[in-house]
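Two complexes follow with chain A in common, the first pairing it with chain B and the second with chain C.
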Partner chain A sequence: MNPRRLIALTRAGIMESLHFRLGIFVTLFANLIYLVLVYYLWKAIYDSSGTDVVNGMTFTDTMIYLILATALFNFLEMFVVWDMSRSIQSGKIVLDLLKPMRFRIYTFWSYSGSHVVQFVLTFIPTFIVVMIVTGGAIKMGINLLWFVIATVFALIINYSIEMMVAPICLYTESTWGINIVKETIVLLLSGASIPLAFFPEKVRMIVDYLPFRAVYDIPLTMLLGKNGSDTPEGLLKMFGLQLAWILILTVAGNLFWNHAVKKITVNGG
Partner chain B sequence: MENEAVVMKNVCKDFKVLNRHEGLAGSIKDLFSHDYKTVSAVKDVSLTVNRGEIIGYLGPNGAGKSTTIKMMTGVLEPSSGEILVNGKVPYKNRTENCENIGVVFGQRSQLWWSLPLIESFKLLRDLYMVPQKEYDEMIELYRSLVDIEPILHKPVRQMSLGQRTLSDILAAFLHNPAIVFLDEPTIGLDVSMKSKIRSLILGLNKEKNTTVILTTHDMGDVDALCKRIVIIDHGQKIYDNDIEHLKNYFGSYRTLKLCLADGTWEETLIDEKTTDVMDVIMARQKETKITDIKILEISTEDVIKKIYEGGSV
Partner chain C sequence: MSKKRGLGFYADIYRKILIQDLKSKMSYRADFVISTFGMIMTNLSGFVTFMILFHNFPTINGWDYYHMLFLYGFSLVALTPVQCFFDNNWNLRFMVQSGDFIKYCFRPVNVFFYFMSEVFDVKGLGQLAFGIGTIVYAWIHIGIPVTPLVILKLVVFLFTASLFMIAIMNIAAATCFWIKGSGYVMVIMFRFKDFAKYPSSIFSGVFKVIFTFIIPIAFVAYYPSLVILQPDNVPLLSWLSPLLGLIFFWLSYKFWMLGVRKYDFTGS
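For the complex of A and B:
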């Protein structure tokens, strides 16, 4: 992992993402529509519940959580599964395998540039807007630092999940359905579409230890200073969970990939 | 460094392919089928390529050319046999092997689609850890061989196929690899671009003593670049020698061209050992009027065609 290679890949990724600047604006616009929908949906839920606090979260809490989850989703979203299945079908994967770097590392750093662009162009503006509109509901302190660290870990976990699913297309030669299933599971169990606080107690106990939570829920909880993430023990527990999953998924992903890569039969002629 | 760039000993490659059944019912059956058949793409191929050589690796479609190349690059693992590329086993040291090889697949590009070519070059320079000085020298060499100015700052997706292929070849040589694999580099290109690319390959091979392994269906490429050719068919090596030897072997073949009264040329390939050229002309003359006659030595293209069609060597 030589930094020169990694910086070069990130740089090229940033340039490529900026090239598709129209796409970024479309994303922002689509988010706006989605957020309007989310706003009215949850407003109705809170109105009908008759109380101001549902499952320990106020309406404002829920909105901040979901808006930032959406912004985080845009920033973390990767198309590894999609890209890989396409490049397997077209045979282009051979060219990626012929780069003088390990495939897993090469692929990760090929996406890093677009993460940087998405973070600056979609997450930060959304964050600033939320901050201004809610007028100080988000604490400005050390929690920002924890959030950034947790987000970097989240990025790695998210990539590892992608890399657990993507090699399946080497066996099936088609991944559309698998990708949809994966996306739904991640969005539901990570807290990106419904805050985890709203899950039934028993389901939550399981979900709390799954890797999906480590992608969206942990960074957001830390940012908002909820669930004891403002105490050292709470922080330790959450970072511990993230690191454990990074370790598990990296080892498992590597084993799976090493097995899958042998399968490559790319339309040889 | 050893003198051999590539050594292959008794290399075989089998693929396991599911026996697909016909129709909708067949497709459903396939879901649970364990009915595999083994397809041998490469059978017992031995081959040695020396440093600085340009060899033409030929064979009809589906002969096993790409499979062999993928094994040499380390993407595929041979089912049996031994391969050494630059003295190392490619599939065991894939990333290491990649630092010393360059690859061009004529039908796809390794360049960054939306970026200007120069950015792809810079990225490849950093990926392959090429020192700035060597990179600058290489760019200078490129300048002396082809006119790269008009394409250097052009985004790759705006390039014509010829410009893109040219760029891909330059990109493959950028880190000064010991071996470059060119898989049908001139496919779909016009005549002038083809000759430009041929002289570029020749120039780079001469300057850097790069070993080039070229697969192509264009005999013009072979005539312009290769002294030695290797032909495989049905996964087996059927010829491995100088191109001159091949022509001598088929030396008794002549292409007879007859111009008919309506101005069209008729071509016949004749083996002088068995058939007399004059007999053919006379027989044809009885049927129609002949206005002109040409007798040509057999071209490489015809030789290769003979071999593909089963004329053993």
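For the complex of A and C:
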């Protein structure tokens, strides 16, 4: 695959998302308000508990975890499910399928631009604010590098999950419902609503091996240096889990898509 | 025909439009089933979050598990009307941008009423059932006496509480008459509702004022529910919530209609 073609798609995506500057500003503002809400809620929770550390997480850890999970959510958010069902309804999907590039790769790279913009304009500022508010509780070291790598993997896994779910709409003609089910499951089981460290032991045993964890929990755990991610074995295990899921979801997604694409019926000519 | 129409007239129209809407929805049966399932999933996930939270922490700010559950159920029921009856707010910005909105201005009924009556969101009923179940469950465990007066209070204050979220969403949706990115405003405001299920006593300082009087999420469940949960020690704001709810709703309605008038004047 010619990298210049892919970069061109990224560039187009960047230009397209820069067009919606207000949205970026509003997302950033929302993250800050969210920060306030999370701060008060968890401060009250920790104040009532009487101890500073619960399940290995301090108040600051929890705050960093949850706010950056939201920031990651905004940054990783893709509207593949919506876009696909819309382009099937309008028939635009035919043009995308005819492109001299695999549909899966084309879609991924056309979203990449907006990811770049979101990362620079909403994630990094939120990150800096969190850093200032928590007074340097985030370690500045090699963990940042692991975090970035894990986030790139998380991006690919998130995309693969989207690509597994989106074709279901071809069969059911329900977009809102499918999308909300997916979002709820991902947010709950990935630790974005409540850190996975708080889950009961037995539930964790299962959740730890699901792909959802690889989206939010693994990058954030690495950033905080928790759960053995500051040792080579711990890192290897987490990256291994991410890579395994990338492989599984890509193969499964391709098989499913090849089957689903035959189902597409576009009205009109 | 007189200019001012009675409630009966509007109720009759609402019923007719509702039947049409339900008929059209029934033609997408799979979508209906999956959407309802999705709605129940989101509520279940909120419930699971709660269980996990209380698995680690016995109380939050002096609130135990069952009181928090009551608050959660209360918020779910209070958020049902905005989901069921005012869901069309989400389509407002598309209609305004495409110009389709003009059709509402030409009918001899109230524009706000006609616009909202067009969509009845059936998914909200799943949430209602889930919310009532949660309230009943918490109610039994807390041991609140069941008297006609308490039930009456519950109904009145649930109704009151629902007005606040409706008002928030009306205002958020109506911003589309002035600005382009109103979708984001709606999404943010809608996300605030997730914090309605926590006691607002956790906030302090300037944010307490903001979340009480500017973005009134404290009234979506916390203040109204205190009438039932702490009958001996009800804050003044709880008693005032029916009045405040009506004021907020009235203001949001006026703001919405102001947008409509502005839209009329742009012509074309």
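A few points about this structure:
In this text, the second predicted complex is superposed on the first by the 267 of 269 C-alpha atoms of A that agree within 3 Å, B and C clash if a C-alpha of one lies under 4 Å from a C-alpha of the other, contacts with A are read in each partner's own complex, and residues count from 1 in each chain.
In the analysis below, a contact is a pair of C-beta atoms (placed from the backbone, for glycine too) under 8 Å apart; a residue touches a chain by one contact, two chains touch by 3 or more.
This structure is a prediction, so every number in the text was calculated from the model and none was measured.
In the overlay built on the shared chain, the residue A:Ile132 is in contact with neither chain B nor chain C. In the superposed pair of complexes, A:Ser48 makes contact with chain C only, with no contact to chain B. In the superposition on chain A, contact is made by A:Tyr40 with chain C only, not with chain B. In the superposed pair of complexes, A:Phe199 makes contact with chain C only, with no contact to chain B. In the superposition on chain A, A:His19 makes contact with chain B only, while chain C stays out of contact range. When the two complexes are overlaid on their common chain A, residue A:Lys99 makes contact with chain B while staying clear of chain C.
Of the two partner chains, neither chain B nor chain C is touched by A:Met140. Between chain B and chain C, it is C that contacts the larger number of residues in chain A. With the contact threshold set out at the top, residues 20 of chain A are in contact with chain B in one structure and with chain C in the other.
Interface residues of chain C facing chain A in the complex, by the touch rule stated above, are 28, 30-31, 33-39, 41-42, 45, 48-49, 52-53, 55-62, 179-181, 183-185, 187-188, 191-192, 195, 198, 202-204, 207.
Note for the complex: chain A touches chain B at residues 2, 4-5, 7-9, 11-12, 15-16, 19-20, 90-92, 94-95, 97-102, 262, 264-266, 268-269.
Taken together, the chain B residues at the contact with chain A in this complex read 15, 41, 61-62, 64-67, 70, 73, 75-77, 94-96, 98-99, 101, 103, 105, 108, 110, 112, 114-115, 119, 122-123, 125-129. Within the complex formed with chain C, the chain A residues making contact are 20, 22-23, 26-27, 29-30, 33-34, 36-37, 40-41, 43-45, 47-49, 54-55, 172-174, 176-181, 184-185, 187-188, 193-194, 198-200.
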